[in-house]
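By written order: A, B, C and D. Residues from 1 in each chain.
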Amino acid sequence: MTTPLVHYLILAALLFGVGLAGALTRRNAVLVLLGVELMLNAANLNFIAFWRFGPHPENLTGVMVALFVIAIGAAEAAIGLALVIALYRHCRTAQLDRVASLKG
Amino acid sequence: MPNELAFLPCAVVTLAGAVAAMMLRNLVHCALCAAGAFAGLAALYLQLDAQFAGFAQLLVYVGAVAILIVFTIILTRGADLRPGAAATSPAPWVGLLAAGLVVACLIGCLVSSPSLNRLPAATADAPVKSIGEQLMNQYVMPLEAIGLLLTAALLGAVVIALREPPKSEPPTR
Amino acid sequence: MASIIAYLWLIPTAPLLAAGVAALLPRGRRGLSAGLAIGAISLSLVVSCAAFWATLHGGRATINFRWFDYGSTSVALGLVLDPLGAIMAVMVSLVSLLIFIYSLGYMAKDENFTRFFCFLALFAAAMLGLVIANSLLLFFMCWELVGLASYLLIGFWFQKPSAAAAAKKAFIVTRIGDLGFFVGMLWLYAKAGTLVFYDGGHGCLDGGVVLGAAATTISLLIFCGAVGKSGQIPLHVWLPDAMEGPTPVSALIHAATMVAAGVFLIARVYPLMTPEALQVVTWVGALTAVFAACIAVAQNDIKRILAYSTVSQLGYMMMGLGAGGVAVGMFHLTTHACFKALLFLGAGSVIHGCHEEQDIRNMGGLRKRMPVTFAVYAVGMMALCGVPLFFSGFWSKDAILDATHHWSVSQAPFYLGLLGAFLTAFYMTRQVCVVFFGKPATGAAERAHESPSVMTVPLLILAFLAVVAGFLGTPAWPWFKCYLEGGQAGFDLSKLVEEHQLRVMLLSTSLVAAAIFLGGWLYGRAPARPWRESDPLEAAQPAVFALLRHKFYVDEFYDATIVRLTAAFAKFSDWLDRAVWGGAVKAVCWVALVLARFSRGTDETVVNGGFDIGTETVRGSGEWVSRWQNGQVQRYLRVIALAFCGLLLVLLWGSQ
Amino acid sequence: MNGLDQVFVWLGHWLASWFPVPAQPLVLAVLAMAGIITVFGTCFALTTIVERKTLGRMQNRYGPNRVGPCGLLQPIADAVKMLIKEDIVPFSADKTLHYLAPLVLTVPIWLAFAVLPFGRNMSAVDLNAGILFFFAIGSASELAVFMAGWSSQNKYSLVGAMRAIAQMISYEVPLVLSTVPVLMLAGSLSLNDIVAAQGTFTYGGLARWNAFTPWGLAGLLLFLIAATAESNRSPFDLPEGESEIIAGYLTEYSGFKYALFFLGEYLGLFAVTGLAVTLFLGGWHAPFQWLEWAPSWFWFGVKFGALIFLFIWVRATLPRLRLDQLLNFSWRFLVPLSLINLLVAAVWWRTGAWKFAAEAPARWLLCAALIALPFHWLGRALRGPLPPPRKYTYAE
């Protein structure tokens, strides 16, 4: 028995959907950020799965991209959370629906 | 093979962790569940023979990102949820609909695609040595860029989160 | 000779660099500025002496180079080394060096010391460049630079209105002469096709150039420049006014450099001068010599007397050039440079000693208080007067008189020259008597003191030169003439006592002796007499004296004629500009204004109306769209997600 | 390769051979895990009593001496006490997390032992990213500490947890950085390869341990300092500083859960000590060629014990740091120095090709100077201006 590629991809799609739903519905900025991280990870799972199931696993491209995505995800988390803290300092809240000054 | 057997539990842990992270009311629980999901993903990577990526995922996401998120929650008092307050922003069904649509589209694509029912290569290994060699040869520019990005992110995060200088008090009479 | 020519460019460049550096120095770096200027001019002197040594046996070397091309022709510049330039370069750099050193003492208390040396170095650089130029164009450039530097130096004390005016006057008056020079130069270029002096047979002085009928006009036009620069009648008016500058400047301008430039110009382009033109030169020179000498008799300013004396001597030089040739004029130029620099610097020493007093009537009795100055001044005075045998002026003036005596055209210049010699001796005697003999007339003269050695040492050197320079060109040993014109100078004492020589010598000597005696009798006899209020001559002939004192009313004449005419013409031009041209412009403006009004009306009613509707529509739609931007970040996210779905569906649908 | 050396390996294979072939790897893994748990569990018990007695001696007292001969049964008594104590959970605590925290702390640390080579052919798994695995597993302990601190709903717990996490994150950087030169010169992340790289002998039988090079010595010291902080031991024990915040994140724990935390901390110390032995002290290799007759696990144990004793000694000697001193020390001293150490290791590697008479001492001196000078400067910069003399307002 071997798990086919489609299973990984469906899992990644579901993970992406969960992350997206969280990012679109939760009030708290931290959770929105967490949702984004989950989406990044879903993409990462895709990369690694495609690497594993690809015709040339010795090329390591998928793993490399995944590693870079992990690094970028870490940077994004650092910046995003710093922004959340700055937002909290500025508006005394981290609830996104109470912050609406960015409009025309 | 134990490797194939491991897929289902890992997938369940990951997905359950992710759903819980997005649905629980208590933010700290959310963050810890997300850490669980990250760990599950790391297990999936290991199961896919990407050892280095799996350990890196564990080190970065569980060891650093989760801690960061937890710190932020504490610092923004996100855990002090008032009992009646809504956990979602107004009209959450729109967001759910959008996310659902996306998932439906993606899964529709996946299911309908004929070229994905392939089997994995017999062995696939990502030895640390060749990862290092590729990082230093083929991917040296992205590596430098990532290094720069991380430095910039570090500095940027420090600057953004810096405590604002105390405003000069108006003279009291 | 070939080797030294490669370093010839150093002669003007060294002082030029010094000037450039000094211009950038802050005001306080006095020592550095002066040191630079003196060092640079010393270097020039050394190179000049080397060049002089190389030319001792005659010959000529040139370096020519293309400056720029236009079309198929090119403009060439070049440097030349020949006896004429070499002796001039040595003379200029030597006198300049002495004057520079002298200035150290004279200008010691001036706050713009640094600037002064910058200008001095620039002046010397321009003059030296002029001396070694092998192209009339380069010559003209340096000529104009000399003019600029003289303007800056005469107006050095520009706070004084008179100094500023004198600077302007010098600049403008010489410019009139330069205009002639410039036109002549262009004409020469049109005719000859080159402005290079010596160019292996192709230069304009090499003899291969045929100017034809225009030759006299061209040479006279070039002479115009010399008239302006050398202060000949009728453009002499700027020179006495230029005494407003510091005394070293006066010495530099009037002794060695600037005024000598005119004479040098004629000497340089001598091959171009036609006999007719030379006649004009001679006549102008002779008239100037007497004219200026007459004025000098009635002046009271110590420097003004010397200035008119300079004008007079320049007349002699011109006369010598016209009647006798290059060697005669240049010999007097050389000797005159020595003793006139001596006299000016001596006068400066007197002025310095008397605390900036310039009127000779306020001096007197300085013989005891300033012995060194008196001694050297006396040497200079005797050299200028032409006291026989031991003073240079005698030999050079005698050569000129001898030349005019043998002039085939007319004897009048000879007699005018003799008259000039008499007058020269007279006014110099008058000056020396009033300044150095008798009793001090004022407290300033009482408190006079000898100048510091930094000033007196150059004076002593110049005094030595004023005596020695004459022996270079005695009839017995005409070295100077042979040096300039080629050939060996033989020593032959018998030439001295040749009949025509002896006659001229005796004549001039007796005239000089009479003048000195007359002057001594009038001014030296009883200095206590109240002649200071009215000059003895004035008492005798008040009308003539007033005429002389007012310089024959030349300035007033110019004011009444040329200046007023110019003013009237300017007024006319002004009216023309305002009424005629201005009116035309106004009419055009009015037409344009009417058109513009019409255009504005169209614009506001027709065009703007359309735009108003357009902008209203855009704003309305913008307001409608902006309602989408409500600041809720999650709404944006949702829109993005939905759009992504739409895109995905389109892609899927499109692919099937 | 004597019999005594491989006795445990043979034992494991003999036991596994009773099972069917497909299950044998699993059985071997279970056996290895069981062995590790047994040995280090005993080690934990022993260390508690040894530490207490040593501390006592160093502080001029006896230490535990009532239970059993010379107090040697004290750990058993402690364990019994802990197990039968009432398990108190605060009313407002987040009960799930409160329960999970000790588990999350302890379980991953057991996993970390899996990659350590305790003797020749004696590592449970040989991962080619072994050291990465070690650190990745170790990162879970920070989450555990947070869970403990936050779920207790107690100010002191939370502050203590935050302090602990800040400290662990700060010291994880020099800890990892100081291992990088070793990896770099061994050319591998596998701990077995690293041990093998130190396995040869030179200069009359002296082993080529990393600690015998300038960068290795500096790396070992940096690693030990960072490890002390990482395992919250004195003088870096301020997350649990009793005099300031009661017991930090452990305040609301008691009984068995407390024992688990205690176990977790000691196991963390053991793991990191084992790593230090592996990376810098030649793993299970003998220090001299003529000492090779002793079994490899014996040498590992000797070095391990020596380092544990060193930790105890340091605990008895040094006073506790202030929080700002702690963070400054990490970011302004340890991190730059470990980066410089990386450079020195590179220099060492480049100068390996040197061929002249005094090549070895010259190389040693050069690298030592390269590390000693920054040490001096950084140390001076860290010290800063001396504080003003203390004033005793009420003492006089």
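The rule is simple: a residue touches a chain if its C-beta (ideal position, glycine included) is under 8 Å from a C-beta of that chain, and two chains touch if they have at least 3 such contacts.
No experiment lies behind these values; they were computed from the predicted model shown.
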- Task: Identify the chain pair with more contacting C-beta pairs: A-B or B-D.
- Result: A-B
- Query: In angstrom, rounded to a whole number, how far apart do the mean CA points of chain A and chain B lie?
  - Reply: 5
- Query: Rounded to the nearest whole Å, what is the centre-to-centre distance of chain B and chain D, using the mean of the C-alpha atoms as each centre?
  - Reply: 29
- Task: Between chain A and chain D, tell me the centre distance in angstrom, where each centre is the average of that chain's C-alpha atoms.
- Result: 34
- Return the distance between the CA-based centres of chain C and chain D, expressed in whole Å. 95
- Of all residues in chain B, which are in touch with two or more distinct other chains? 52, 56, 64, 71, 89, 94-95, 98-99, 102, 106
- Task: Would you give the residues of chain C that are in contact with at least 2 other chains, written as numbers and ranges?
- Result: 632, 634, 637-638, 641
- Multi-partner residues of chain A (at least 2 other chains): 20, 23-25, 96-97
- Message: Please list each pair of chains that are touching.
- Response: A-B, A-C, B-C, B-D
- Residues of chain C that touch chain A when the two form their complex: 626, 629-634, 637-638, 641
- Query: Okay, in this complex, where on chain B does chain D touch?
  - Reply: 2, 26, 28-29, 32, 35, 42, 51-52, 55-56, 58-59, 62-64, 66-67, 70-71, 74, 79, 127-129
- Note: in the complex, chain D contacts chain B through residues 26, 94, 97, 127-129, 132-133, 135-140, 142-143, 146-147, 150, 158, 162, 165, 169, 172, 187-190
- Query: Which bits of chain B are touching chain C when the two form their complex?
  - Reply: 89, 94-95, 98-99, 101-102, 105-106, 108-109
- Query: Which bits of chain B are touching chain A when the two form their complex?
  - Reply: 4, 7, 11, 14-15, 18-19, 21-23, 27, 30-31, 34, 37-38, 41, 44-45, 48-50, 52-53, 56-57, 60-61, 64-65, 68-69, 71-73, 75-78, 86-90, 92, 94-96, 98-100, 102-103, 106-107, 110-111, 116-121, 124-126, 130-131, 134-135, 139, 142, 146, 149-150, 152-154, 156-158, 160-161, 164
